[in-house]
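Right after this note come the structures.
Look for chain A in each of the two complexes below; its partner is chain B in the first and chain C in the second.
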Partner chain A sequence: MSPVELLRRIGFYVFVAVVTAFFALPMLWLVTAPFTRNPSLSVSWPDFTLGNFKHLTDDPNALPSLYNSAVLSLWTMLITVAAAALAAYALSRVRVPGRDGILYLLLLLSSVITGTAAMVPIFQLMFKLHLLDKDLGVILVMTGGLLPAAIFILKDFMDSMPKSYEESARVFGANSFQVLGHVVLPNVRPGLATIAVWAVVNVWGNFLMPFLLYRTPEKQPAAVTLNNFYTEGGQPNLALISTFSLLYSIPVVIMFLFVSRRYGFRFHGGIKA
Partner chain B sequence: MAEETGLLPQRSLGGEVPGGGDRRQGLAFVVPALVLITVFLILPALWTLYLGLTDYRLTGVQAAHPKVVGTSNYTHALGDKEFRDALGRTLLFVLGSAIIGQNILGFVLAWTLRSARRWVRTLVETLVLLAWILPGVVVAWLWIAFLKDQGGTLNTILHTPGHDWWFDHPMGSLIVFNVWRGTAFSMMLFAAALSSVPPSQLESARLAGAGSRQQLRDVVIPSIRGHILTNTLLISLWTFNDFTPYLITKGEPHGASAVLPVYIYLTALPGERLGFASAISLIMLVINLLLALAYIRILRRRA
Partner chain C sequence: MRVSLEEVTKVFDGGVTALDGLSLDIEDGEFFALLGPSGCGKTTLLRTIAGLETASSGAVRIGERDVTRLAPGERDVAMVFQDYALFPHMTVADNIAYPLRIKKVGRAERRAKAADTGASLSLAGLMERRPAQLSGGQQQRVALARAMAAQPTVFLLDEPLSNLDARLRLEARTFLKKLQHDLGVTTVFVTHDQAEALALADRIAVMESGRIRQVGTAREVFQRPANVFVAGFIGSTPMNLLHGECVAGDGEAATAWGHQVDVAGVRLPVPEEIVTELNPGDKVIVGVRPEYFAETEDGIGGQVEIVENLGTTSLVTLTTEGPRIQVTVPEGREPAPGTTMHVSPQPGRMLVYRADDGELIDAP
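What follows is the complex of A and B.
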């Protein structure tokens, strides 16, 4: 090995070590603090206690808020997948003038009208529609934002599906709903799974919309509840915060592993999965 | 991107059944999605236009009977020091953490990991991706803990106990935080782009005696220029709209870390000035629109 080569080797491993440290160090707290008695914000060798999890189950809002998050995510996912599947099928099979233009315009709007830029009118709209402090309000707002990209992805999957499958079903007298349900949807399952996971992860992690639209603590999902754990002295309750953070993160990591194992990564017009 | 290829065979197969019945049914299939998008996505944006022209407030007389005050919110916003400071901070945040930080670190990671051993590659990629997929509320706490003045991990490593990073360098800390948070996307996009560079071109460059720096400059960068632009625009758009800074600093100390999304929130809800906040929102929407239009132009040119 020449000296230049050796130096390059060393440089490479130093770089890898620094990057690994930079990305790993901030995450240490998430794996040590939940298992430490009375944790602080410092990272220390854990006592391997499960007491914090016990405290968490005693908290009136902690576990119910995870359930709230699951309800919000699942409803948003169901409505998004259903509405997107119908729309994508129609747009993929029926010739509408300017169809692709409309689709691109919707995709453009959904990336331009973000929750942060539109939080004031969304709050106003929900107030006028009497949907403040209701699950339905958050579900509908999230669905509206997710739909354009979902339609876009699904249409992509449906376009690449051979038409002959549907034609043979039609020959046997199937109507559009039957064709969609028995022929098209089973064939685009990877697309449906991608959208479903993507929708769930998005809603599960979203803080701003529920923070904006809920008033009652009992209704709030995990993202908002995480910032509501205080000790009797008014300090953040780090035992609950760290333990809850861990529980709340695990589903996201599992879904992510599932998708990357099963379908690999694909870039769909730059959508953050 | 794969869109264009999907369209051609479909047309030539000619499976589309002509006739009004199918068209009508197709329309019925599209209606639910269209209604949801119109009411909950497009309507709020249009409403911003109207609200920004009023003196709407959360409580008081202006709450019941908002008056149209014309463009005064806009002229007021553009002349307002707090707003201009927030905009300046946001541009710094986008430039430092996305355009420079995530872009460069993402590219360097994709480039160096290409030839790394499998376990090294898996380890680094997993960590980078993990930083990206964890929920925003959780990473906010992780970084509050990491940069904590008393007992924070960074101070322990640097032997600088008591240094309050979030208080003394709020914007610098936010920029480093966001590089950590968002580099995964750039890394993956560049990894995909690099695998599409024809190996024969690299090979002939190497045979012509080009070192790896020259290969980068003369072969790799020119052939992934489109990807670099795409990546830059997307991460800028996301960083520009990121609300996570609120979760870490709430805009403290004294608004020194209030980027535009945080400033809008603080003005609209705790500040109760909805009309004024709407005017700022519209300015933000326009900036988003410009970024998105630039992105679409690049996609068009590449197609």
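What follows is the complex of A and C.
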């Protein structure tokens, strides 16, 4: 190896190390701060105390809000996956004039629905439907926002499946639900897993909709609760925030690891959350 | 079970007519081929029998039952698709047992029957594999086993050999013919390969643009194609179709043969049985297979342009004053390119078609 080459390599790895450190610092803070007695905004060697976790359990809304998040995520995920599977199958197999146009339009609108632009109309809609401060209201709004992209991703999976599979099952006498259950869904399992995880992560991380639609603090999910950790002096309570953030991020990390091991993770069509 | 089609027409949504008033009777136990070029409607016809397409008009009967409006699952047919359509997420055993699962047969019985059927097609050691782990030939046997497990009254095979490589195809062909013979179940298959149809089928329907142009045994279709379309389609080396004109015989030929056909300046005798059907001045097309030309001194003369070795024979292309003529010559008798050769049809091997509609002129 020539000296120039050696220098170039060293330079490259130093550069990579610096960039990695830059992005790793917040992560490092997230891991160390919860175990530090009085954490500041800088990363420091932790005291290895569990006191912050103890303080967190004293807060009446902290741990229940994680449960609330889980309930919201799971219901939204279930409804999204079930509805998207049916809709994607129909859109993939039935010829509707202007089908792709409709789908693109829905996709476009969906990013508006859960966004800030539709905050007021959504609030009014939920008010008129008497769904304010109810889990169902938040679940429906979140599902509505996720469905178009979920349908889009799943339709891609279903389009790539040969029609002869279904036809073969039909000739043997399978009805539509048997075709769906025995043949179509097992073949698009990676797609179902993709949108399931993606739906959970989306709801888990969404702040705006639950913030907007819940009135009672006891019902709020973790993302909103995180907003309430202040000291009596009005300063952010870093100890509680970091501890809660750590707990808040663990389920998502576990889920990603599980799914990527099980199915191998792939997003289709360049869609991301 | 007998399959009969009565005036079946299928018009697709876009306005394309895939089947055009087509009638056909397939006898019980027959191995029947639907043969034709791509886009002729043969696969649509098969799918109409299966119920995957519904006839726009006309009737489909299986046995005595009118199945025109029945769903595919209610017709008691089994179909093997061109890509075999094996379910990739199921093992071979589960694939074969699938028709039984739909019929609500218990798990134990299902597995036993699948094992039996699999074993009869030498799949015994592969039952726990996934389709992706099998070779093309094995996949085809799994697809056949699955169809057999359904115990249908009719088998429908869509291009059963087209996904196999050339060597395996011959093997599978023999296997398929034996299987059909042993099972004795009416089997309809679709192919674009005339050699496959001739080799496998008891009878063949040759199709062109949604219509049947000829139905007959392999021998009939090969020896006496009913029109120039079938004549040009059947045979691994296409039949020579030479335009000519009927002329009054002269001299000795007039007393011996009556009329003659003038092709590229050479007079050929009109086959005896159709001599009364032709009048001098009629435009005709003379059909002669390359195999049925013989070298003669007073035949149609031409220059040898290309010699293609086919193994036991060679295919010689001659340029004449009229159209090109292809002739096969036996091994070791190949002429050198550039030399002149005179050929005429072997007696009784010449077919005469009407030039206007392309139909065979048959004995009255």
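The definition used in the following text is that the second predicted complex is superposed on the first by the 229 of 273 C-alpha atoms of A that agree within 3 Å, B and C clash if a C-alpha of one lies under 4 Å from a C-alpha of the other, contacts with A are read in each partner's own complex, and residues count from 1 in each chain.
Here is the rule we go by: a contact is a pair of C-beta atoms (placed from the backbone, for glycine too) under 8 Å apart; a residue touches a chain by one contact, two chains touch by 3 or more.
Predicted model, so just to flag it, every value in this text is computed and none were measured.
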{"item": "Chain C versus chain B on the shared chain A, clash or fit after superposition", "value": "fit"}
{"item": "From chain A, separation angle of chain B and chain C (C-alpha centres, steps of 10 degrees)", "value": "90"}
{"item": "First (chain B), second (chain C), both or neither touched by A:Glu167", "value": "both"}
{"item": "Contacts of A:Asp133 with chain B and chain C, given as first, second, both or neither", "value": "neither"}
{"item": "Contacts of A:Asp59 with chain B and chain C, given as first, second, both or neither", "value": "neither"}
{"item": "Partner chain in contact with A:Leu86 - chain B first, chain C second, else both or neither", "value": "first"}
{"item": "Contacts of A:Tyr104 with chain B and chain C, given as first, second, both or neither", "value": "first"}
{"item": "Partner chain in contact with A:Val183 - chain B first, chain C second, else both or neither", "value": "second"}
{"item": "Which superposed partner A:Ser245 touches (first chain B, second chain C, both, neither)", "value": "first"}
{"item": "In the superposition, chain B vs chain C on chain A residues touched", "value": "B"}
{"item": "Per-pair minimum CA distance [chain C against chain B, superposed on A] in Å", "value": "6"}
{"item": "Set of chain A residues, in rising order, touched by both chain B and chain C", "value": "95, 162, 164, 167"}
{"item": "Chain C to chain A touching residues, read off their complex", "value": "13, 50-52, 71-74, 77-79, 81-83, 85, 87-89, 98-99, 101-103, 150"}
{"item": "Chain B-facing residues of chain A, complex", "value": "12, 15-16, 19-20, 22-30, 33, 40-43, 79, 82-84, 86-87, 89-96, 100, 104, 106, 108-125, 140-141, 143-145, 147-148, 151, 156, 159-160, 162-164, 166-167, 176, 201, 204-205, 207-208, 212, 223, 226-227, 241-242, 245, 248-249, 252-253, 256, 265, 267, 269-270, 272"}
{"item": "Residues of chain A touching chain C in the complex", "value": "95, 162, 164-165, 167-175, 178, 182-183, 186-187, 189"}
{"item": "Chain B - residues contacting chain A, complex", "value": "1-3, 6-7, 10, 13, 15-16, 22-23, 25-27, 29-30, 32-34, 36-37, 39-45, 47-48, 51, 105, 108-109, 112, 116, 120, 123-124, 127-131, 133-139, 141-146, 148, 150-154, 156-157, 180, 185, 188-189, 192, 230, 234, 237-238, 241-243, 247, 260-261, 264-265, 268-269, 274, 277-278, 281, 284-285, 288-289, 292-293, 296"}
